[in-house]
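Here's a structure for you.
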Amino acid sequence: MSLPVLNIQDLSIHYQTEQGPLQALRDVNLQVPEGKIIGIIGESGCGKSTLISAIIRLLAPNARIGRGSVNFKGRDLLRLSRDHMRALRGDEISMVFQDPMTSLNPVLTIGRQMYDVQHRSAANRAEKTARSLQMLDRVGISDPATQLQRYPHHLSGGMRQRVAIAMALMAEPDLLIADEPTTALDATLEVQIIHRLKELQREFGCSILFISHHLSVIAELCDEVIVMYAGEVVESGSVRDVFIDPRHPYTQKLLECDPARIAQRTRELPVIEGSLPNLVDLPGGCIFRERCSHRLARCGEDRPDLSGNQHQAACHLLDAES
Amino acid sequence: MAKPRGTVYRTFSALKKDPLGMTGFVLVSIILLLTVLAPWLAPYDPLEVNVYNRLSSPSAEHWLGTDQLGRDVLSRVLFGGQVALKVSLVAISVSMAIGLILGMMAGFGPRWLDRILVISFDTVRSFPTIMFALAIVALTGPSLNTVIGVIIITSIPVYARVVRTQTQALRERDFILAERAMGASTSRILRDHVLPNIAAPLFILASMDVPAVVGMEAGLSFLGLGVSPPTPSWGSILNDGYSYLRNSPWPIIAGGLPLIAVTLGFTFFGESLRDIFDPKLRRKDQ
Amino acid sequence: MFAFIIRRGLLSLLILFLAVSLLFGMIHMVPGDPATVMLGPKATPELKAEYSRRMGLDRPLVIQLGRFYAGLARGDLGVDPFSERNVVNIVWEQLPYTMMLVLAAIGGASLLGIPLGCFSAIRRNSLLDRLTAVMSVAFIAIPSFVVALYLLLWLAVKWRWFPAMGAGESGNFSDQAYHLVLPAIALGLGWVGYIARLVRASMLEVMEENHIRTARAFGLSERTIILHYALRIALLPTVTILGLGIGSMLSGALFAEIVFSRPGIGKLLYDAVLTRNYPIVMGSVLVTTGFFVLSTLAADVINAFLDPRLREQRGS
């Protein structure tokens, strides 16, 4: 087995707030193997955004890295100098952001922004423009030459997200991080973009870390999936394993609540009862305890570790079974 | 009556943490005190002429020297503060009162009235203030009352606009809608709900307006269009000083300093008040 | 876009029309009829009647106003009764001096204020940032004529670094620029800190926006991000304020012109007020008000051109 492109070990991050340190991530482990698409799912507030900000080192100023490492192709990104880190961004690691309406600069043309993104390339202006045209064509934008002259607000959300993907893939990165890139789009567009992304991933051979809370999108696109809850990884495994045989109660609930999977007609959408725990004043034991319907006595005392080989979950129920 | 005491307490404890605001408060207090006590503090009669001691530099007898007629500059500066105080008190309270009424009318009244009022505010504001003042003075002749009148006319839109915006914002709030549904009269709603809510912003606005008003009076008096001689005003002291600039710099230095102190004092104090009572306004700035 | 300009333009025209009518009405309603004002209290009644008839002052106010606008449409603001010259020509001669002064002041203030604001935003809470914060509040409040007087006192009279009077030799550019320095500083000083503060605030806001994060995620240099990606947007609201600033500087310009004995609209108006030269007063107030309304309009239009989002939206 080849080395993973990205290997995150025991990463803990907290934010300094007036109430005290907010434990956003705790002992997160995650691997992105070469050429694979890894999905991360979880509710908002589960630490997904902190995780990706940590990978590209664009954390908020009040964030502090407690411990752990983010290993990218043999280098620990957390120990890289600022300039070395900047050199990686948009070159070996690229990002596609969530909200296509605000993630492009409103007063610069698409062409200008695509040109600027190639700031490391030695190519001349004409070559860079040609490259932009080629990339726009690849992501399925018709009449790319016209689009280059236009401003982001001329384009629809789907078009903008295609532009963002084109920009991200321009430098042929080893790792593409996509932060809920399709959440803001309607379902038909979402499917189109997902398919295009999958094609491009095969073509470019890059690895993708794909964050979403749409289970169906993860199921469609990813090879492996990681389930996060309140700053911890609670389950991970192949898409098939996790979706067919979810082991953690949280994953089970998530799947039950997925509107796409609900077979019968119901009046109310099922939701997970309760809310996220207070991350400033963390309760001991299992993080999901308060909302879990299979609670055991030891859930209040011990924090369960991930167990299993390919398919891992952090729950005491699994120990009880074995 | 616990509330006003609470407000005063809150203001002071917040001021203590804001050195600039405290500086402003101290400056304002000193100037007000000196102005009010001017008749007792002034060493000479500000109008007393002494042609044998003209344009002298500061000395033990005349701390800030004398002007072209040998009058004591310090005494004139102290009494000049009374003119500034009178003008600001009268002009600000009158324009605030009228602005309050017009602003509420615009904010709570029918649309057509709002439109007409807003256009008239814009019209008055479209004159560069001093130009407008000059045009009026050209016809009525220089007098302090004209100055006050001009300041009132040009300040009304400033207050009215703020009142209008606040009133409009309140108008759509649930508790006001509920009162209206229960049949409360417009005047009652304005008195009981709108007025208390716009009092703080108006007060802050007034304190920030003092520098503009004092500056305007001094400016017009400097141009010889405000107080009539020999009445001392900071502006007229500067005017006298300007004419004899090459003989003695002291009248200009002495006439300018209180103006700078007043503008800085009230601005710092007003800014600080705004931060305390209306943090929303400030948040973007921090 | 054009619809927007036309709409804004019409509103400006309406306001200008109202302002001029108001002024016209007030001039004719205040105690002391213009004939007495013009000819002095010692004029005989026959002389006054003759003057009133000649100037059309015996007609109803509405007719007078109509005549005034008819004249205005032909570019005729009446005749200066002292020099018998056309008021339009007199005002037109003085206007460039005032405009030069105002532009120099606002230009200088922007050249200093924009980088200062940008720097304050990047190095927040640095000494320079705090200094700018205090300065912005302090200098905008101090009356500009006090600043002008102090500058005159020290830099011109005492140390003789700069000329104390006039606008310099006509045609000699460097001499004119030399004479412009002190009045422009007096007028623009208050705006340096104010502009810096505005730029800082909108810069901080822009730097939080998502597209800046995108630019960072692509490894663009901080320099490029600030100068090309953020500042462009951060300056948009500043342009509107600068337009308003040019207008409100007209009042300050009057003082600067008087203190430094410079020609200009302000000086013209002031002298006209002292001599009670009513056509000149009317003409110069009309021109300055027009200038004020136009500069506000121009700021909005320029802003609409700079911002591609507005360019489209307002076009419909």
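In order of appearance the chains are A, B and C, and numbering begins at 1 in each one.
In this section, contacts are C-beta pairs under 8 Å (C-beta built on N, C-alpha and C of every residue); 3 or more make two chains touch, one makes a residue touch a chain.
Keep in mind that this is a model prediction, so the values were computed, not measured.
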{"item": "Any chain in contact with chain A as well as chain B", "value": "C"}
{"item": "Pair of chains joined by more contacts [C-beta pairs], B-C or A-C", "value": "B-C"}
{"item": "Distance from the mean Cα position of chain B to that of chain A, given in whole angstrom", "value": "57"}
{"item": "Distance between the centres, which are taken as Cα means, of chain C and chain A, whole angstrom", "value": "54"}
{"item": "Whole-Å gap separating chain B and chain C, where each centre is the average of the chain's CA atoms", "value": "23"}
{"item": "Complex contacts: residues of chain C adjacent to chain A", "value": "209-211, 213-221, 224, 228-229, 232-233, 306-309, 312"}
{"item": "Parts of chain A lying in touch with chain C, wherever the complex brings them together", "value": "56, 58, 86-91, 94-95, 97, 99, 102-108, 116-117, 119-120, 151, 153-154, 164, 167"}
{"item": "Of all residues in chain C, those that touch chain B in their complex", "value": "14-16, 18-19, 22-23, 26-27, 30-32, 34, 37, 134, 137-138, 140-143, 145-146, 149-150, 152-153, 157-158, 197, 200-201, 204-205, 247-248, 250-251, 254-255, 258-259, 266, 269-270, 272-274, 276, 278, 281-282, 284-285, 288-289, 292-293"}
{"item": "Chain C partner contacts - residues on chain B that touch it in the complex", "value": "20, 119-120, 122-124, 126-132, 134-141, 211, 215, 218-219, 222-225, 238, 241-242, 245-246, 249, 252-253, 256, 259-260, 263-264, 266-268, 271, 284-285"}
